[in-house]
Amino acid sequence: MSGNFFEDFKLGQLFEHRPKRRLTEGDAAVYKAVYGSLFDNGALDELLVFHTVFGMSVRDISLNAVANLGYAQCVFGRLVQPGAELSARSTVIGLKENSDRKTGIVTVRTQGFDGAQEVLSFARWVMVRKRDAASPAPEAALPELASVAAFPPAPGEAPGFSIGRRIDHIDGTTIEEAEHAMATRLYNNVARVHFNQFAERSGRFGRRLVYGGHVISIARALSFNGLEGTRIVAINGGRHVAPVFAGDTIFAWSQVLDIQGAALRLRTVAAKDLPCDSFPEKDGVVLDLDYWAILSP
Amino acid sequence: MSGNFFEDFKLGQLFEHRPKRRLTEGDAAVYKAVYGSLFDNGALDELLVFHTVFGMSVRDISLNAVANLGYAQCVFGRLVQPGAELSARSTVIGLKENSDRKTGIVTVRTQGFDGAQEVLSFARWVMVRKRDAASPAPEAALPELASVAAFPPAPGEAPGFSIGRRIDHIDGTTIEEAEHAMATRLYNNVARVHFNQFAERSGRFGRRLVYGGHVISIARALSFNGLEGTRIVAINGGRHVAPVFAGDTIFAWSQVLDIQGAALRLRTVAAKDLPCDSFPEKDGVVLDLDYWAILSP
Amino acid sequence: MSGNFFEDFKLGQLFEHRPKRRLTEGDAAVYKAVYGSLFDNGALDELLVFHTVFGMSVRDISLNAVANLGYAQCVFGRLVQPGAELSARSTVIGLKENSDRKTGIVTVRTQGFDGAQEVLSFARWVMVRKRDAASPAPEAALPELASVAAFPPAPGEAPGFSIGRRIDHIDGTTIEEAEHAMATRLYNNVARVHFNQFAERSGRFGRRLVYGGHVISIARALSFNGLEGTRIVAINGGRHVAPVFAGDTIFAWSQVLDIQGAALRLRTVAAKDLPCDSFPEKDGVVLDLDYWAILSP
């Protein structure tokens, strides 16, 4: 009931996450209301699927997390239609205690399924508290994670895009506490730092922390203005560079890193309280996301 | 248009509440986003059904309520599936003027129907203002209400539970005004104290009061951590011990009062701005709920 | 990507708005949660359809608007059922530069379609910034817009209503920022003044402006208390008399302007932080809406 602590994890351990989660047109509408994304191909938004599979894993993996550190090798499979019942499981693929002995890094491979069909797979690593600093640490094991995710070729072209091009998405969205909390609960995410102001008042930041995925979805919605017609098929990596709180206004810019057929490798950077017409790289940056999107007809 | 005042009610009076309310997967998604409950058996959450039937009765019964005082003999029937059109009616079963002659207690038996099938029945009593303190009062009539609700036997066992066991549900949820208002409107509840900050600024508390049922749903969602696998089948009684406002953080603990086959009689206590690892009984307590839940496979 | 400025518009220009928008039971549930409207005839709320068609037009027409000035000749066609995919297009029917040369008035006729069937048509005029005050202005053209919308006759009677009668809708609803933002995003409305607190902090009002249509929907929901059983079939005209912000409490009153069979010509006036029992005409008024509603069985 208190969740797993670092010393509870074992290399190769498999978690079948409970409960399952059926995503409906109702969930899609709440997602739409929170982010306003204009991307729409009739299926569920790929990030709604990502956040839900991620959220389903929180009770087992990251209830006692200090910070979610990164993602890699995230690949989206078949589009998920409203009404699908998602299941999710995670396998521990890396463990390493930190030198302070109070925390350790847990790396998992998490998979999401629509029935028997895998619709999503990603690796993530997260810093998890130990129950007891004196507990013995497992032998350190660090997985090899390719820096670029593999995904099926996308024949075609990407007219209007060129490698190196930078795009300011112009608009900004201010985060409201209620929107953030509603979205994060929609994903079955029960991480404590997001919902309990009483506890967070005396915590690290004095306030509730916004779920990093919320910022990804806001940045993605903003990027419609410049990236219309794209669909995310893989995430190479993502870093939450700085914490985000209700009241922050998120802006975003993107750069084309590579083009392969109709697939664009994009880097989308989000900043808070900082318009992105100067393409910020450091100060104010909160998210740095490297992903593949295909131009869908 | 101003709603019924105490002197408008008559013993035996029947209200067929209007309008009816169709509950869909969309409503289920909003409910999910507001509470994040992980309880899910494919049907609509029993508390969504409860709040909706309750809310449908507000225009006729409690638009001029000072306080909702309690519930009893609440029994849930068949599970309600998304798409069901609910109707509701209430019968006045008790009336008693208060000694100040400005208010009186109205007790009603409210029933909710999915088509012709009763899906919910409960008694509630509420303090209602008189239009005019000088109006004659109806003859006092107080209904007999059993302190334990009758519900069909649940054969089986309750492994892992024992009478007297107390469970701290650990997590806390901070209430946001927008979430509370959205949920309460979802239920067709139009009680004025919940929505009108202009009027409440000069009212009893200086601010909008949170609908008591909102706290029940938050406490229930928190209780998944310890009561996973249960489904509410009856509510013996509930008291809103202290008012709740946006900004309050709700915690909860439960105790097993009785076990009959696979049915658990539970008491769930919610407190505000007070973690429940010490199982508070008084200070900080806002809700005291006595109900039956069955362990569903 | 920066939207159209005044000098970009041409008389007769046609915009096919993108993307299309499928409205589901999920959207209906979010709408319900935000406004709590008790009007319900099984179809999508006519104002949800209006706001969505309006919102779909914003990227092309009013991304650089200073103010949305008015509507006229708004006629609703067939009811729209959940699941309908709406498309929308706008034709420029009026252009007139303002004397300061920094802005101009653009008038469009916007139509909404459910498949091939027109479900909504309205004219609106909006003040749009010029990119460059020195740009040449198009020749001024002002459309003739009838002050009363034409709609199919509604045989029958309007029992209980009489011309001139005024109705105080009594209740008040306080606007929360999150509710307003969620609703407005639901409509695909991306007008910048609604979402970006960072920019608006140094803008005209120092804060985000509430979408005018949000106030229409709140006033309509309040008007159930007195106008139960009505359905909007046409809007003759609407004016947003004063800006509205989160934290404002909206009240409303209505007057019967005309009766034709079962059709009522109504004026609904909304005020902020001002109960409407004295039927305010000026101070505090934020919305003045003139429309036809039919009494539906």
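As written, the chain order gives the labels A, B and C, with residue 1 at the start of each chain.
Just so it is clear, a residue touches a chain if its C-beta (ideal position, glycine included) is under 8 Å from a C-beta of that chain, and two chains touch if they have at least 3 such contacts.
Just so it is clear, the structure is predicted and the values come from calculations on it, not from any experiment.
If you sketch which chains touch which, every chain touches every other chain without exception.
Where the sister copies chain B and chain C meet, the same residue numbers recur on both sides for under half of the interface positions. One finds 36 Å separating the Cα centroids of chain B and chain C.
Shown for chain A are the residues in touch with two or more other chains, namely 24-27, 29-30, 176-179. Those residues of chain A that touch chain B in the complex are listed here as 1-2, 18-22, 24-27, 29-30, 176-179, 181-186, 188, 190, 192, 195-199, 208. Residue ranges of chain B in contact with chain A, taken from their complex: 24-30, 32-36, 38, 40, 42, 170-174, 176-179, 225-226, 228, 247, 249, 251, 273, 275.
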